[in-house]
Amino acid sequence: MLETVLFFALALLAVTAAIGMIVHRSPVYSVLMLIITLFSIAGFYVLLNAPFVAAVHMIVYAGAIIVLFLFVVMLLDLRHESDRFTLTKFSRVLAFIAFLVFLGEAILLVKVAFIDGGLDIGLGGQVSQLGDTPSIGKLLFTAYLLPFEIASVLLLVAIIGAVILAKQNLKPSQ
Amino acid sequence: MTDLPLLSITIFLPAIGALLLLFLKDSMEQLQKMLALIVSALTFIVSLPLYFSFNSNTAAFQFEENYTWISAIGANYHVGIDGISLLMIMLTTFLGPLVVLSAWNAVHKSLKGFLISLLVLETGMLGVFASLDIFLFYIFWEAMLIPMYFVIGIWGGQRRVYAAVKFFIYTMVGSLLMMVAILFAYFYVGEQTGTYSFDYIHLRDFLMPVEIQKWLFLAFGLSFAIKVPMFPFHTWLPDAHVEAPTAGSVILAGVLLKMGTYGFLRFCLPMFPNATFIFAPLISILAVIGILYGAWVAMVQKDVKKLVAYSSVSHLGFVMLGIFSFTHQGMQGGLIQMVNHGLSTGALFLIVGMIYERRHTRMIEDFGGLARQIPIFTTFFMIVTLSSIGLPGLNGFVGEFLVLLGTFQTNVTLAVLATSGVIFAAVYMLWMFKRVMFGPITREENKRLTDLSKREVAVLVPIVVFIVWIGVYAQPFLGKMEKSVDSLLAQLKAKQTALVQPGNEIIGGGE
Amino acid sequence: MQDYIWLIPFFPLLGFLINGLLGKYLSEKVIGILGSAMVFLSFSTAVVLFFQLTQLDPENRLFINTLYTWMATGSFSADVAFRFDALSAVMVLVVTGVGFLIHVYSIGYMHGDRGFARFFSFLNLFTFAMLLLVLGNNFLIMFLGWEGVGLCSYLLIGFWYENPEYAYAGNKAFIVNRIGDFGFLIGIFMIFGYFGSLNFDTVLSAAGMQPEWVITTICLLLFVGATGKSAQIPLYVWLPDAMAGPTPVSALIHAATMVTAGVYMICRTSAMYVLSEVALSVVAIIGLLTALMAATIAITSKDIKKVLAYSTVSQLGYMFLAAGVGAFATAIFHLMTHAFFKALMFLAAGSVMHALSNETNIDKMGGLKNKIGTTYRTFWVGGLAISGILPFAGFFSKDEILWKAFSSPFGSTVFWAVGTLIAGLTAFYMWRMIYTVFYGESRVDKEVALHIHESPKVMTVPLIVLAALSTVGGLVNIPHYFPMFEHFLDPVFMKYINPAAFEASHGSFGLELTFAAISLVVAFTGIWLAKVMYVQRRELPDKIASSVKGLYTLLFNKYYVDELYDKIIVKPFVKVSDAFFYAFFDVKIIDGIVNGSAKIMDSIAGVLRRSHSGVVQFYALSLVVGAIALFGYLIFG
Amino acid sequence: MPIEYYLIVAAILFSIGVLGVLTRRNAIIVFLCIELMLNAVNLTLVAFSNHVQNLDGQVFVFFVMIVAAAEVAVGLALIVAIFRQKETVYVDEINLMKW
């Protein structure tokens, strides 16, 4: 019972924070809103027996990426944005329609869940396989060894890219 | 002597020449011209034994060479000639050196590229006439387009790009349709007979049901009709001719236009006989319209080259009429007319090119009274004009007479209408000749015109010799093609009756 | 000697090649002698062959000489073959004989002209083509000669090409001839269609078996060719303009030889013409009408050569009338005599023009009687011959035609009556010209009058010879007493015709004499009228002209035929093909479609291009829309 | 808890992210929204991994995170570079790629 209460609370929190993020005038507050959303998602991971993923999630996302965002926002000292939404009214309307369509899909999923009796694609195996660190670690270094190594190369490339981009001494073109 | 692959040498010698040209530096223009001339002359000499040791009392393909090329799809390098393609090959190799000679000092902009395109073009054309494998035929057919596009597009007149693109797209649309038809035939016959091969004889001997024949005939026919050019598809010709350099126009008129008619003779008629008989009335009517329309429009042209271009439409209308008359005289007349047109219109373009080199204008009213100024030129121009009008004693008459004689036996009204074309031919050619050559000299520049140089005379004399020879003694040429035309006609008749038998089931493997 | 016939056409061909190619390097004398010698050589070969021919008995007087096969496809084969029988013998002798005299004459006439060599080479080429026409053993060789003479007349009419009218006249001649040849060609196709071969013997002998309508259409088609070449209605318009050529050309081509090709062709195919009543009557009627029309126009014409040109058209009408009534031999006889006196008169006119430095308007002449004596006397003889006065050639040939027009089964009194009237008109317009040119006071303008001189020997000798021929020529065929000429020719015509067709010719010998007398009387009245009007009372012609104003202007402007043709056929044709065919159809419709499709492609591309607006959101949006579409398909698809 | 609920929440978050990307002018905010969309996807992955009792889903989340990290690094470097040159971060003013 606790689990469902917790789920709904986290869900509510995540959605409001997300809306707040895209609506808020000042970018700093948007970043903070995002952090809240990330917290709630971490909560979900725990609910879904994936403690290791939740931990890594908090470290990588909240810890590194968002900090980087904050850093960039501070660096470019973006103040209040006057008109935060895109100029053309036309694209805003279209964007809203897109939003509605995605919601439609969500509702559809609800239909599938409640009316048709849920997705029965999975094999209802025993709960024992918890997402704990040793089992994921074993998996990483056996079945997914190659992608793991490629990922490291990818990160290296990203680092070099960022450095090069930053080093260019670009003069502001009037 | 026959162990030497004579035909393949003739086909690829110009290409080899083009390769050699690549090694010469751009500055050595004189050397490039000499090499191109030697190579094309050599090709002509090599092709002579093809003519002389051609045994003219069998319709089978001679000098045949058949090597497997892409065995996976059953396409092999299968070349050979018979009565129909022999004269075309001789015409191509004969015009080769003359064209190079005519462009001696006409082209200055990247001469090497020009000569290479000419030689590659010659190989393409020879390939088309000699190939007996439809896949190979299609490759040469397309390969021929590219150099011609460059010749018009780079070395042409002011609106050359428009003309070149129009020429390319016109032909490309046609040949794409043909590609589809070739593939369809390939798979259909393959599926029916089990052996998938592009070999011409294999596809020709298989008798398809009439419905399929109709569609394939239309597809092949459209591509060839554009090339001929038949009446509604001819508008690319005047632009291409007006904008092409002299050498380009000569090759275009001399040989490229014959690809269409040759295509009909080699592919459409034997492979789809029943469809041919069904569409023959339509094509004959279009041919007659082409004759009259070409003549009438030529009458009002202001530009000499456009006039000659429209006269080509009219002349080739005769050829198509002859081919689709399905009589001995008509077909052989058509074939001879193809050679005649190559000679007389080729010579006409050479002549127009010569005055263009001197005056840099093609408008008729810029000339007038040249006869007194340049007498040698006038005699050549007179002879060639008379040959293109079809004056008896010269080559034009032999072709037109036989075509009309043949058509008269199948369709009197069309023959009468086509014969009136003979009058219009005289009208527009002589009217143009009068305005250009006779009358007082009206323009200052015309007074300083120089007569033909030795080189120019050397280009025109061989053509005039053949114009008179075919006109006076046409039998050797007619004899060469006699058997092949007989066998083609016999095949047509046999296949037509074969399919019409009751039950209409597909009788595979006709004679 | 049979296989030397090919020498006859070969000599002039040789002359053409030598003069044509090496003309520049030879002197005028050499060219002239060479040209004339060549024609003389073929004349002598013809004479030798002629005598050998007469050795044979009349039935099989025929030499055939086949050189090689010209072209053979399937069942059709045509070879270069020559035929020398009585008919072609006469024609060859006329062509080469008169031709030789004219060649000699031209040496004097063309003296000093820049294109001397070119003139002689073309003259030889013409003789070669005419001999081919006359000697050909099948329709194709005849057609080869037929178009060859058409070409030479084009070259020679437009000989002085600097003058645009002359070049235009040359063009007009060739194109009108070509229209005639169009009919001839279709006739040849029909002949091959129905007879399977083109050579004369097979075709003419098989003529009987074909249905009536086939024979009639073939004859009419061949007659269309004849009207084109021999300048009959409706295709005669080119002959008067052909006077633009030098006078020897007019003499040789447009009087003696080329224009008679039509008559020769009809006589050669007489076996076919006899079989179709319709064709014969068409030939006769057209001949008669042309003769009448041309005679009327000649009365009012002011140009000396134009008068002679219309007189030629009229005399040709006579010949066609003769052929039309089945009197083929008489037609050929008149052809021969006409060649003599018409060539004589053209050459004489040439020497008159030569004397008056090329003045052709007879109003500017007069009183030349004693200044150029020989020309006057020969012209006088020619005038008598053409008017048909007794001893002269014209009497016998024209009278014979009038008699045959009456007596022959195909003829009728109307033919005879109109024919006699025309004979009178001929006498009148011919002597009108002679009197205006040679009698009365001299209206020659001053500086021209200074150097009026008689033409040199080389011109007057041919005149004299021709004058002699015009007088003697007629005696060759005096009816009843000495019809040697007809006997000589008849076997050729009778060979394929069954004599039954000719029994019905009626009329006794007495009647024939009376008709001869009548035609003499008519001729004298014509001359007397001309003398009265143009010598004694000069004001009469203007008075009469003003009284019948309308008719006079109509005749003077040649019935406005030229303008009519121009307006009905030529102008609209050019305009239509320019405005409708080229400008509208070719450029607008077909090019329109082609360029149109290119423009459509271009405009579509233009629209698509705008979508790359550079706004990132737009790209993202299209991405999302794509995704949605995909989901929609997956879910509902 | 039945898996659909998680999927619904993830779908909503994802839609919000899309909305943000399409409407916001500030490049950084757009970047944030992209991060949000990525997390929504991660959530669904983990949800399914749990539902299907197979850890592969979770491993996959790792890789998504790696890519996200690399992407943010390079993206922000780009934004900084653009800002240094064009003094603006607003997306609709950076349209050099217009035709």
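Labels for the chains are A, B, C and D, by order of writing; each one numbers its residues from 1.
The rule is simple: contacts are C-beta pairs under 8 Å (C-beta built on N, C-alpha and C of every residue); 3 or more make two chains touch, one makes a residue touch a chain.
Quantities reported herein were computed from a predicted structural model and do not represent experimental measurements.
Between the interfaces A-C and C-D, more contacting C-beta pairs are found at C-D. Here the CA centre of chain A is 104 Å from the CA centre of chain C. Note: centroid distance chain B to chain D, computed from Cα atoms, is 66 Å. If you average the Cα atoms of chain C and of chain D, the two centres end up 99 Å apart.
Separating the centre of chain A from that of chain D, both taken as means of CA atoms, is a distance of 6 Å. In chain D, the residues that touch at least two other chains are 18, 22-23, 91-92.
With touch defined as above, residues shared between interfaces to two or more other chains in chain C number as follows: 615, 617, 621, 624. Counting only residues that touch two or more partner chains, chain B has none.
Taken pair by pair, the chains that touch are A-C, A-D, B-C, C-D. Per the touch definition, chain B reaches chain C in the complex via residues 166, 170, 232, 234-236, 293, 296-297, 299-301, 327-329, 332-333, 369, 371-372, 386, 391-393, 397-398, 401-402, 404-405, 408-409, 415-416, 419-420, 422-423, 426-427, 430-431, 434, 437-440, 472-475, 478-479, 482, 485-486. Listing the residues of chain C that touch chain A in their complex gives 615, 617-618, 621, 624-625, 628, 631, 635.
In the complex of the two chains, the chain A residues touching chain C come out as 86, 88, 91, 94-95, 98, 101-102, 105, 108. By the touch criterion stated above, chain C contacts chain B in their complex at residues 68-76, 140, 143-144, 146-148, 151, 154, 158, 161-164, 167-168, 170-171, 174-175, 178-179, 181-182, 185-186, 189-190, 192-193, 573-574, 576-578, 581-582, 586, 590-591, 594. Across the complex, chain C meets chain D through its residues 609-610, 612-617, 620-621, 624.
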